[in-house]
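Note that the chains take the letters A, B and C in the order they are written out, and that residue 1 is the start of every chain.
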Amino acid sequence: MEAMDLIVTAVKTAIIYLGMVQVVPIMLIVERRGAALIQDRPGPNRVGPFGLFQPIADVIKMMMKEVTIPRQVNKALYLLGPFLVLFPASLVIAAIPFGDFFTLFDRNYVLQVANIDVGILYVLAIGSLGIYGILFGGWASNNKFSLIGAMRSSSQIISYEIPLGLAACSAVVWYGSFSLREMVSIQEGTLLGVLPNWGIFYQPLGFLLFFIAAFAETNRLPFDLPESEAELVAGFHTEYGAMDFGTFFMAEYMNMATMSGLMVSMYFGGWHLPWISDATLLQWLGSRNLLAALQVLTVIVKIAVFMLIFVWVRWTIPRFRFDQLMRLAWKNLIPLGLFNLVLTALILYFKGAA
Amino acid sequence: MEAFLPVGFLLIFALLLCIGLFTVKRLLGPRNPVASKLAVYECGVTPEGSARAPFKTAFYLIAVLFLLFDVEAAFFFPWALVYRQSLSEGPALLIAMLVYMALLVLGLVYIFRKDCLKLN
Amino acid sequence: MRETLFMVFSLFTIAAASGVVLSRNPVYSAFSLILSFFGLSGLYLLWGSTFMAMIQILIYTGAIVVLFVFVVMLLNLQTVRENSPNLLFLVGAAAAVWLFSLMILRVLTRAIPNKAVEIPTDQLRAISKLLFTRYLWPFEVLSLFLLVMIVAIFAITRTQEIPQGGEKK
């Protein structure tokens, strides 16, 4: 039975991972068509029906492109750079819960890569490692644009990591647990009979902080200073081409998906449908695995909504200036994060005392 | 610790993906290096000076501050974990954290007043 | 299984740590340091203290090494040149050897339990509770230290910035 468990876990992990990698081609087309929609132009519509095969063409193009390793680079770190970003981006998905559990051969398996008891810390810790790909890649490129891009980017990422951590900390205070799975299970049911019992209604400020910091952590507009193609050519990946460049993009989309997954689990009820409890659903559907499938679908739909918001914001809001960006982090977000933490603690205290 | 076992699987899959991408790139991409192709990209202009030039100290300050605040935040986490459970035991935990945070806020105020990050 | 993993993580940590010392390029040293910290957090995981493992990555790998890398890149340290051993070097080497032999002595003279200590999962809450009750004063003093450090860092960088001059806003 032990070996069976291992095999099921390995297959489950592979499926979840492959699923997350599929975010990349899907987002390639969604982002390009979304941009076109907002800018009132057709967008890619030639390859396949409605341009749906465009991502395949994009990927083939990237793979077939010439690999150039500029002469001045520090070769080992230059080649490692993109993978140092992709690797942490791949690892963080382990903590995202996609559903309660499914049953196979009379055994229950959690719908999550690993049921980690320190889930939120795991995401913050591994997520903070992506910075090294940018730092080392930018430095190894030995190009002024790359180095400036890398320094800017890493300053931005570390500055926004603090509000991100503080927002997550308030959520931990509220739920009393590090485990994302436990956080989701607490969010079942309704609040005051009308609203779904989701974290956003208890932690609105925390969610806002997390949301803003998530944009900065994933280097998305309005915080895409590291790339800022108008000023720094392409920022830290100026000297990268072909699939290396593609790898940076893959990591960006995977990070977006993870951040969306985190927000869904912490503030939007995870796998719970609003107003309907899991027990009722189980009664209707009559099967544990059917319920599990519905839960996974729910999480995917919620993540998709966040991904669309990422695209929407990218093509709507202009980029910050570097000093504005730093001021926003240190002068606004960090004090707000501390305030939110104190507020949460005080509310809990007086609620408990009353 | 057993809970982390699947992370090991994920680690292997991620490694496989990285190796796969690397080999595909190597195998499929053509290669005809030309001197100008391999030169530093500086918008087509002949590069001037070294890219490895010393930087503004502001970046260093941000890194140090981040380190300090990250250490502070690391102490918030165990507190956050036990806070809800210990509500019945009076305000001791709350006061402990408020004092801790007051000092942290004092540090933040110092940063803003002295305008150390040149935010204004 | 546990013993094998322990060996793997330990050897990995030691190999990476040697890389820190042996590599000529400071950037490579920083990179080895990251790997070494990773091995260390693997060891923490093996001992069942997941919280420590995560904090190890979050603080050491995610913040302290970032600072190191920043310094290396800011100061633009090139490959370390061969220095002839001067007095300071000899004193440092002697101190290192002395500390290392103390550690080895301690390990050799103490009976080593041949099984890793397993920490129960909910001990995390118990430890956190202790931090805010029995060790409350050290905890608060630590916060004061951090405050002093914030002030000190600005004092140091300020004095260094004046002679440089020409820095534009």
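Everything that follows uses one rule, which is that a contact is a pair of C-beta atoms (placed from the backbone, for glycine too) under 8 Å apart; a residue touches a chain by one contact, two chains touch by 3 or more.
Model, not experiment: these values are computed from the prediction.
Enquirer: Sort out for me whether B-C or A-B is joined by the greater number of C-beta contact pairs.
Expert: Between A-B and B-C, the larger count of C-beta pairs in contact belongs to A-B.
Enquirer: Which chain is most remote from chain A in terms of Cα centres?
Expert: C
Enquirer: Between chain A and chain C, what is the separation of their C-alpha centroids in Å?
Expert: Computed value for the inter-centroid distance: 29 Å.
Enquirer: Taking the mean of the CA coordinates per chain, how far is chain B from chain C in Å?
Expert: Here chain B and chain C have centroids separated by 16 Å.
Enquirer: Residues touching two or more other chains, restricted to chain C: which are they?
Expert: 50-51, 55, 58, 62-63, 66, 70, 73, 124
Enquirer: What parts of chain B, by residue number, touch at least two of the other chains?
Expert: 3-4, 52-53, 55, 59, 63, 65-66, 70, 77, 81, 85, 97, 104, 111, 118 - these are the residues of chain B that touch more than one other chain.
Enquirer: By the touch rule stated above, which residues of chain A touch at least two different other chains?
Expert: As it turns out, chain A has residues touching two or more other chains at 116-117, 121, 147, 151, 158, 161.
Enquirer: For the complex, which residues does chain B have touching chain C?
Expert: Listed in rising order, the residues of chain B that touch chain C are 1, 3-4, 52-57, 59-61, 63-68, 70-72, 74-75, 77-79, 81-82, 85-86, 92-93, 96-97, 99-100, 103-104, 106-107, 110-111, 114, 116, 118.
Enquirer: Which positions of chain B touch chain A when the two form their complex?
Expert: Its residues touching chain A are 3-7, 9-11, 13-15, 17-18, 21-22, 24-26, 28-33, 37-43, 47, 51-53, 55, 59, 62-63, 65-66, 69-70, 73, 76-77, 80-81, 83-85, 87-88, 91, 94, 97-98, 101, 104-105, 108, 111-112, 117-119.
Enquirer: Hey, which residues of chain A end up touching chain B in the complex?
Expert: Chain A residues touching chain B: 9-10, 12-14, 17, 21, 63-72, 79, 83, 86-87, 90-91, 93-94, 113-117, 121, 141-147, 151, 155, 158-159, 161-162, 165-166, 169-170, 172-178, 233, 238-239, 242-244, 246-247, 323, 326-327, 330-331, 334-335, 338, 341-342, 345-346, 348-349, 352-353.
Enquirer: Residues of chain C touching chain B in their complex?
Expert: Spelled out, the residues of chain C in touch with chain B are 45-48, 50-51, 55, 58-59, 62-64, 66-67, 70-71, 73-76, 78, 124-125, 127-129, 131-133, 136, 139-140, 142-144, 146-147, 149-151, 153-154, 157, 160-161, 167, 169.
Enquirer: Okay, in this complex, where on chain A does chain C touch?
Expert: Its residues touching chain C are 74, 77, 116-118, 121-122, 124-126, 128-129, 131-132, 135-136, 139-140, 147, 150-151, 154, 158, 161.
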